[in-house]
């Protein structure tokens, strides 16, 4: 019975996700806690990205735009009007939803490559607009959030509250993703990803399906953007709405397993710490850090394009099988 | 009014380079069906090759053109054989991401080996200007434009007039049918890829007298090439030529009337507008 | 299946080695003497600013070497932990690593203001000192940080200095009254360019000069034709520019090509002061102004024999490491000055080598002169108010200081520029 439960889809993954909350508490110092926070945050962000792009296989390479909308909206509201980032986060979500509706409405029906490039274009336009609207956004100078700890300010002294916050974010997005997978919307998305024509012939309203998923993806990413701003406490257009960030969404999702609910999380759990540790460790040689990441990605894409998750699942089953059945000759 | 004409001409000159940088991408996409995100990195590599040749032998980029292109062709071939060939049948997203990863690798290799320093090639011609009435042209830019357009037109003729060119066009129209006709797909893919990367390398070589080489110089050209190619209709070479010129002009006019800060945003906006109204690009087939 | 298991095992082992190594002695190896004094340096070593970042790091290392050769800080050898921060988010994590894992007490940085602000966010909460010699954003010393000390000037001061000098000295040379002087600003769009340009614009308005154009561009721009043509329409007498080296060269080239060079070109910082500027442009650089922190000052500016030797040793070692450069870049000079002054003059005066002790020493120590050519006199906000920008001019491939008088070593030439357009 228990064996059944353990082998049930996602059970172990949920255990991993839930138990990961313990990690920040047992780590020796704040540096590692910082990495954990970024890991949870990016797990949530990559899962948000995956909601649309992963399931229907239409890559958005401009998701940093929504990260930026979230970060800037809540920060500007906080700095100018004293509005709590909790509310600001929701406001950012609304703006992202509107942006996604407009952008999505115009570009979702485009063929694969065109769509991908339009996402890049949108992110670039947004970045330029942010830089040139200096009066509102302080442009290239960036915005700094003053250190005034407090729950309503979403600012804390220690790392643990941030770790909990980002962990909750990750869990929520995971939950949504799992529910999506099993819902009609989810199946429709996957069907569209496999073969758009066939899916449409079967009655899937491609425009509506994709739009809903796209907006959800944008809004959840935007929430993450607010968390990001509140943690790093300094935002500027070139580092928030950067191509590097946009690529990171994809990198984590692909490495873990695009199009699965837990893939991006696994991707982040492995790559975010490794990437940060690598940078600290290899600091002597410029470019080595990026080179290794690139090579890892190539290796994954050439040899395990489904990501690590399916391999881990197989591995787990194999090990579990060995443990549950000790001694071959029963 | 004279100013505007000058701005226009300057935009056309840049457009020639953009066109050359993009026709290769159009070819690769049309024939191999691959979106090559590492496209700009070949431009970067060619610029470094031109720089090192100039440094060690004093040959300026125009003199070292043949060697440079030969090296680029080899690099293109190696890339194809080692990486691209393996994923020809994979999902498009895998292919795209592979080229994205390749671009990361190439940029960081350049950073590791050649450092972040800007490498300038200054030859006597670098700041020369030619005058035509009240119009002024920077000589290397004119040369670049002429060679770029020349090469692009040559590519077009190649596709139209030669057998392999026809094979490429056939594959781009219907891969399976082409195969049934006896066309060696893999070899044609390889050829298209090599030609494509060599052409963007040529673009890099042409701008090296006026612009420095550094590890990330290719990045903005990659994005630009995509925009041009989409504008022109993804797999259409004449479309890419036209698209390149259009982008050059739009960029220049936007820079003049709105300000250099808006140069990039202007053609991104144009891009989105075209997609909305003509989803297959200006010259594309549906 | 066995293969997957093997791969996984290898990955896990690799990861634990990394974590283990990271937590161990860190990069830098073991130190021979007792209890080294750990300091950190966080600079962009990859990404867009890698070039200047690596020069700054090299400068800091030289400073540490010199100080260690002289006995270190309060008898302890200084041990450096370096970090790469291509953007503010990385800066935050790396600052955390240096503070929490490596236990540094002082961090030298940052070149980019964004990085500086991000690092300050971390160091303030942890009682660690940030010695800033690159980021000029006003916010760094306007935000009430107690442990951030900046040796170089604040944001807009550099731009303002260029404008003030123009109004007071250059306008008369052109025989144009300040209120009739037409000026334009062109700057690269990052926080660096924007801060300086903002300062310049403010001063322009204050002094009543005519601002006929202000444009900004992305430093990766490949063609400045449109920009220059637009500028040509506005016909400024004086052009203030803030650039990095790449775009500075492109700007001058393009201005020459379209015969649009204004009568006076007043560069502010980085690009126009870069040692490779004149080297690349050639003789046409003669007469181009470059306002920046003092750079390549002739040695006799330093009255103190010891300081003279230190500056000379620094320049020699820097040039050995960067043989392609004619001179030391400003960023590197500032990085050296910040770290050397702090290690050599401030820390020895600290009663205790912790945040409070260091702060007290930093604020109470007053110096007439540092290797940057000006003194050290911090306000409560941590800003060095003795910092002042020099007005320099390129003359014969060398940077000649024409203002302020106490550092001056040449007279102004080429006003208006011989290559000025019609």
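Going by the order they are written in, the chains are A, B and C; count residues from 1 in each one.
Methods note: a contact is a pair of C-beta atoms (placed from the backbone, for glycine too) under 8 Å apart; a residue touches a chain by one contact, two chains touch by 3 or more.
Here the structure is a predicted model, which is why all the values come from computation and not from measurement.
S.K.: What topology does the chain touch graph have (line, ring, star, complete, other)?
M.R.: The chain contacts form a complete graph, every chain touching every other.
S.K.: Return the chain pair with more inter-chain C-beta contacts, choosing between A-B and B-C.
M.R.: A-B
S.K.: Could you grab the centroid distance between chain B and chain C? Build each centroid from C-alpha atoms only and quote it in angstrom.
M.R.: Once rounded, the distance between the two centres reads 36 Å.
S.K.: Could you work out how far the Cα centre of chain A sits from that of chain B, in whole Å?
M.R.: It comes to 32 Å between the two C-alpha centres.
S.K.: Find every residue in chain C that makes contact with two or more other chains and list them.
M.R.: Correct list: 46, 50, 54, 189.
S.K.: Name the residues of chain B that each touch 2 or more other chains.
M.R.: Counting only residues that touch two or more other chains, chain B contributes 108, 111, 115-116, 261, 264.
S.K.: Residues of chain A that touch two or more other chains: which are they?
M.R.: 131, 286-287, 289-290
S.K.: Going by the contact rule set out above, which residues of chain C touch chain A in the complex?
M.R.: 1, 4-5, 8, 15, 18-19, 21-23, 27, 45-46, 50, 54, 82-84, 87-90, 92-94, 96-97, 99-101, 113-114, 117-118, 121, 124-126, 137, 139, 143, 189-191, 193-195
S.K.: Chain C touches which residues of chain A in the complex?
M.R.: 28-32, 34-35, 38, 131, 134, 139-142, 144, 146-147, 157, 232-234, 236, 238-239, 242, 244, 273-274, 276-281, 283-284, 286-287, 289-290, 311-312, 314-315, 318-319
S.K.: Using the touch rule from the top, collect the residues of chain C that touch chain B in their complex.
M.R.: 46-48, 50-51, 54, 189, 215-218, 220-227, 229-230, 232-233, 245-246, 249-250, 253, 256-259, 280, 324
S.K.: Tell me, which parts of chain A touch chain B in their complex?
M.R.: So the residues of chain A touching chain B come out as 57, 59, 106-107, 109-114, 116-118, 120-122, 124-125, 128-129, 131-132, 243, 247, 250, 254, 258, 285-291, 293-295, 297-298, 301-302, 305.
S.K.: Which chain B residues qualify as touching chain A in the complex?
M.R.: It comes out as residues 29, 35, 83, 86-87, 90-94, 96-98, 100-105, 107-112, 115-116, 215, 219, 223, 226-227, 230, 234, 261-262, 264-265, 268-269, 271-272, 275-276, 279-280.
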